Amino acid sequence: MVDVAIIGASGYTGGELIRFLLNHPEVEITDITSRKYDNIPLHKVHPNLRDTGLKFSNKKLNDINADIIFTATPHGASMKIVPELLDTGAKVIDLSGDYRFNDYNIYEKWYGFKHTGKIDAVYGLPEIHRKEIKKAKLVANPGCFTTGSILSAFPLSKAKMLNRCIFDSKSGVSGSGIKPTESSHYPNIGDNINPYKVTSHRHMPEIQQELGLFSDVKVSFTPHLVPVIRGILTTNHSFLKDEYNDIGSEEIRDIYLKQYKDEPFVKIMDEGEMPRLSSVRGSNYIHIGCFEIDETGRLVIVSAIDNLVKGASGQAIHNMNLLCGFDETEGLEAYGMHP
Amino acid sequence: MVDVAIIGASGYTGGELIRFLLNHPEVEITDITSRKYDNIPLHKVHPNLRDTGLKFSNKKLNDINADIIFTATPHGASMKIVPELLDTGAKVIDLSGDYRFNDYNIYEKWYGFKHTGKIDAVYGLPEIHRKEIKKAKLVANPGCFTTGSILSAFPLSKAKMLNRCIFDSKSGVSGSGIKPTESSHYPNIGDNINPYKVTSHRHMPEIQQELGLFSDVKVSFTPHLVPVIRGILTTNHSFLKDEYNDIGSEEIRDIYLKQYKDEPFVKIMDEGEMPRLSSVRGSNYIHIGCFEIDETGRLVIVSAIDNLVKGASGQAIHNMNLLCGFDETEGLEAYGMHP
Amino acid sequence: MVDVAIIGASGYTGGELIRFLLNHPEVEITDITSRKYDNIPLHKVHPNLRDTGLKFSNKKLNDINADIIFTATPHGASMKIVPELLDTGAKVIDLSGDYRFNDYNIYEKWYGFKHTGKIDAVYGLPEIHRKEIKKAKLVANPGCFTTGSILSAFPLSKAKMLNRCIFDSKSGVSGSGIKPTESSHYPNIGDNINPYKVTSHRHMPEIQQELGLFSDVKVSFTPHLVPVIRGILTTNHSFLKDEYNDIGSEEIRDIYLKQYKDEPFVKIMDEGEMPRLSSVRGSNYIHIGCFEIDETGRLVIVSAIDNLVKGASGQAIHNMNLLCGFDETEGLEAYGMHP
Amino acid sequence: MVDVAIIGASGYTGGELIRFLLNHPEVEITDITSRKYDNIPLHKVHPNLRDTGLKFSNKKLNDINADIIFTATPHGASMKIVPELLDTGAKVIDLSGDYRFNDYNIYEKWYGFKHTGKIDAVYGLPEIHRKEIKKAKLVANPGCFTTGSILSAFPLSKAKMLNRCIFDSKSGVSGSGIKPTESSHYPNIGDNINPYKVTSHRHMPEIQQELGLFSDVKVSFTPHLVPVIRGILTTNHSFLKDEYNDIGSEEIRDIYLKQYKDEPFVKIMDEGEMPRLSSVRGSNYIHIGCFEIDETGRLVIVSAIDNLVKGASGQAIHNMNLLCGFDETEGLEAYGMHP
């Protein structure tokens, strides 16, 4: 039995961590912290999680006694607590952007913060970094958009076939968090499609970093808020290097099938099938499909994830399973909820 | 040409007033005020209303020189400005709750304010108070829920046939206003139904007042927020007095047809038709239908309105047309937008 | 290990049965049948359920060799196969309306069919009929609306306190099934609220039967389609017998807490909390709350369920657990998916 | 007064034509035809259009006596009636795809029909073909996706600056028509994003034809169904020719401002503003904005239209106004309906 704590448990990713961990046979939740909801029962914030006996606390960091600590804290806040948490001897899985960049200059440029808690971390995308994750002390859990984008392009970058990718992503509103804002206001979102940070979203350099590990790919990224609660569908408009002008749809699919054949959470669609948000809703799966090529040489690959699960908390638990040597799918067996 | 000003024009009802008035052939908009957006062009707040030449101003009340003034100000704010606005010689149509009650004690009980600007006003529901409205100086524009509820029951109350009504209303989120809150947060509203103020909503005593003008009716009211931008559908579960035990559906419909036969904005559904929000979306119409009676004697009447139009700004313009002696439908000819 | 078959597995309730059963530790799915999709892999119809190895078949009834058979067949179709299935020695849980009525005349009146396969069945609402279900051969799984309505009123009917209930239910569109129709057409449903069968829905006599087991209650029922995929929220407007005029909200809540204290899937809301669809989405829980009483003596109780789970397939598995002597919550541990 | 007939008036574009024409001061609707709804009053199909006195008829083509005839008939059906309608002396505006292609071979390739009614037509996009439209006998009204795509790229193609455009379009479900199908089924669409015909949509060659009038542009097009009733938002990912590597966002916007400065229905967003569906909902406006360029040289332009208005019926009426010499905005003055 492994003791687990969640710092900043009152947001949506905190709620999802708890939802999965409560049914995980190998862990016990010892602490869920929140400054705002100190001493308040869990279900007052996450109304789906009733009769768990859990309460939020405002414990001091060094009073937390856990084997694994999830930090579901805002960007800029994690860096201030992760070093101290690591000092307790725990392994830490950070869900913020603070430890995702190999080059801290990129972080500081895109996040606008000075980074004050630099520590070596492993980028927690198991499909690329499984080996390093198993041995890590600090895992930087990937962003939601980045997970869907990277995995839609990784096999082709690894094969050094890619020239350029344009990721046109459509995200559910839960990605903006639990706090009401203009961009979560129902009359602004319902029956609407809202592009935002069209050329300036922080997930762009993160995608660039990971695809750039294998080959030089030009990365463009544009997110849209859509009238959906959960889920990110990414339409990846890709261009291959000139030497692959004659490649066909089936050969592309084969590359994906091969790359992901042992991955428990990656599913490659059959020909004629399309990923859809409902197929992965609530689950840790990513569906990847389409692989069509048009007359101009544009290759289209589509991926679908639940932004709060494979895009955040589910992937964090996958990382925990790797850190602890559990079966990778432990606690994450739920199928998507269609319809 | 009549000069019109709108106080508090940056909210949804302000935006809708302007949308209709811009195409009204008999009026000119002279002022739209907003403290927050002083000197900002209209379309920065209402992005649908471009190239109108209008800007928000923060004019002093006595600098406003208009024939008709709409006060689209919050409850409790209207009472502080309406007396002064009337002193300019203008007629005022107030969209807040401040002047809707014949008995100010009821206002003070349900709104929790001391009323500091008491003045005689006419309740601006043309289907009941047309004559008085035409001669009024101050019109209190009805609430959104109340319009849909009262008109669904008025013919039966007038006929002294009603014993009890239970209004189960389903409202779009625009009714909560332009400011983001917990109850307009997309993840709370999407795919959800949220009952609220189940037995304590302020529109209950307003319904009671108007139905009570004709006979003694027990009024219950429960609103729900539904994943809809605009519109209120009210399911009116009614019970008639015992002597009407044998009445049939068609006789009920006939009473409605007769009562509303000259009303330009009330449409009674044919047998087998049901009011729906899309039929009235964006328009000043109210659709009323159903009239079914079940084995237990419950009579069901359903009404549908656009909460921002017939439930607010459209009705306010209808009132203006009455005040100014214009054709009642002037500027309000738009049909509902289905689908 | 118990062998399980599902007849008519290509609809939504079939999909949900499989989703839960695949992760149920005590059962093995031996057959999923569909005439239309004979020999087609499961995920072609239920795209969330991939790599299960399951295929639809069009097996003859007497070739089905299972301990438990779920019939997820249409009303009128179940009666034609259930007798034969029982003859195989299996226990049957029927999800249609065919076996829900103690009095077959009521069935024939409301469903418009002659019943040609009459057999003794137990009404499968564990909170009322747990004991009988355990010993049953044939369980008639309740309707979706009926589950949410009955459980919102059962404690008061049992206490013989109720005079009348008006159930105003708001249902997600998945309740209409997997086949596209006018009433599942997005432009008809989105941004709309559609009342239907306002006084003539078949679930009314079912509610009447169950509440009538304990006392004489007048039952009215009106369903509405709302722009939601899953979930039924029921606003139960109740009137108590005259002798309970002075009862308070807390006493009512206490009656519910007592009645349901050992029920694994019924959760009674705290004061100030309201059931919401997202709290139970994808789970077998029913949330019941509100208990407010207005000035006219109307008591409001609100319940929320997932129509496909507690309202259909989850409850069917709960019944299977009872039939098989498993832990009642086996396979049904999933929490609701909020947001 | 101009007499107007609508052939095939029972679909969504038929309904929208009637909605606008009823309030158009210069026209009278003489016939609305429908085989299916012969002799049925208008509001039985379009429930928003009540008390108009209009009924569907199944008149023979040569009994139709109108100055302007709109054919809102399916692809492949228009070609069978347009020649005969022109013979009556009327001018025809066809809303199908049958007359949109200068080269009938392209039509036959993409639509899979043999064209049996070839006649010279003008492509009815006023912003490009205003002069020819005014003199036309037959106007081919553009497709919905094509309108939003072409107008987002036309100024740059005209300036011969474009190398490639990737149009990633997000469309409301009303674009699929009034008939229920798998792809309008609420549980498939709600909370989902559905890419379709990712590299094979018929609107691609139409975009290609129009942009190709001015310069050689590589065109890629991918549509998505989104949980929205009305509206198409197009994210146009563009690449300029190499010589424009140093161009800035403002210069691009200036090109659009100049091109469209006299266009009554094209609005160019200010810097920092983004087109949104609600801004144009129900109106004939197109909003175009964004103009951001990312590090890789990708230029992003975003357009928003109402697919049923600027994307179909509104544009058809604009074409009628041009044909008849009316003011271009006559009958189309409605602002978008935000929220």
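Note that the chains are named A, B, C and D in the order they appear, and that numbering of residues resets to 1 at the start of each chain.
Everything that follows uses one rule, which is that a residue touches a chain if its C-beta (ideal position, glycine included) is under 8 Å from a C-beta of that chain, and two chains touch if they have at least 3 such contacts.
Since this is a predicted model, take the numbers as computed values, not measurements.
Student: Applying the document's contact definition, name the chain pair with more C-beta pairs in contact, B-C or A-C.
Tutor: Counting C-beta pairs in contact for B-C and A-C gives the edge to B-C.
Student: If I average the CA coordinates per chain, which chain comes out farthest from chain A?
Tutor: Comparing chain centres, B lies farthest from chain A.
Student: Please report how many Å separate the Cα centroid of chain A from that of chain C, as a whole number.
Tutor: 35
Student: Taking each chain's centre as its mean C-alpha position, how far apart are chain A and chain B in Å?
Tutor: The computed centroid separation for chain A versus chain B comes out at 46 Å.
Student: Hey, how far is the Cα centre of chain B from the one of chain C, in Å?
Tutor: That gives a centre separation of 39 Å.
Student: Would you give the residues of chain A that are in contact with at least 2 other chains, written as numbers and ranges?
Tutor: Each of 12, 174, 187, 190-191, 227-230, 276, 278, 281, 339 in chain A touches at least two other chains.
Student: Report the residues of chain A in contact with chain C in the complex, numbered from low to high.
Tutor: That would be residues 12, 15, 19, 22-23, 46-51, 174, 190-191, 229-230, 267, 273, 276, 278-283, 285, 333-339 of chain A.
Student: For the complex, which residues does chain A have touching chain D?
Tutor: Within the complex, chain A touches chain D at residues 164, 166, 168, 170, 172, 187-188, 190-196, 198-200, 204, 218-220, 222, 224, 226-231, 233, 235, 237, 274, 276-278, 281, 290, 292-296, 298, 300, 302, 339.
Student: In the complex, go through chain A and note every residue touching chain B.
Tutor: My answer: residues 12, 173-174, 178, 180-182, 184-187, 189-191, 227-229.
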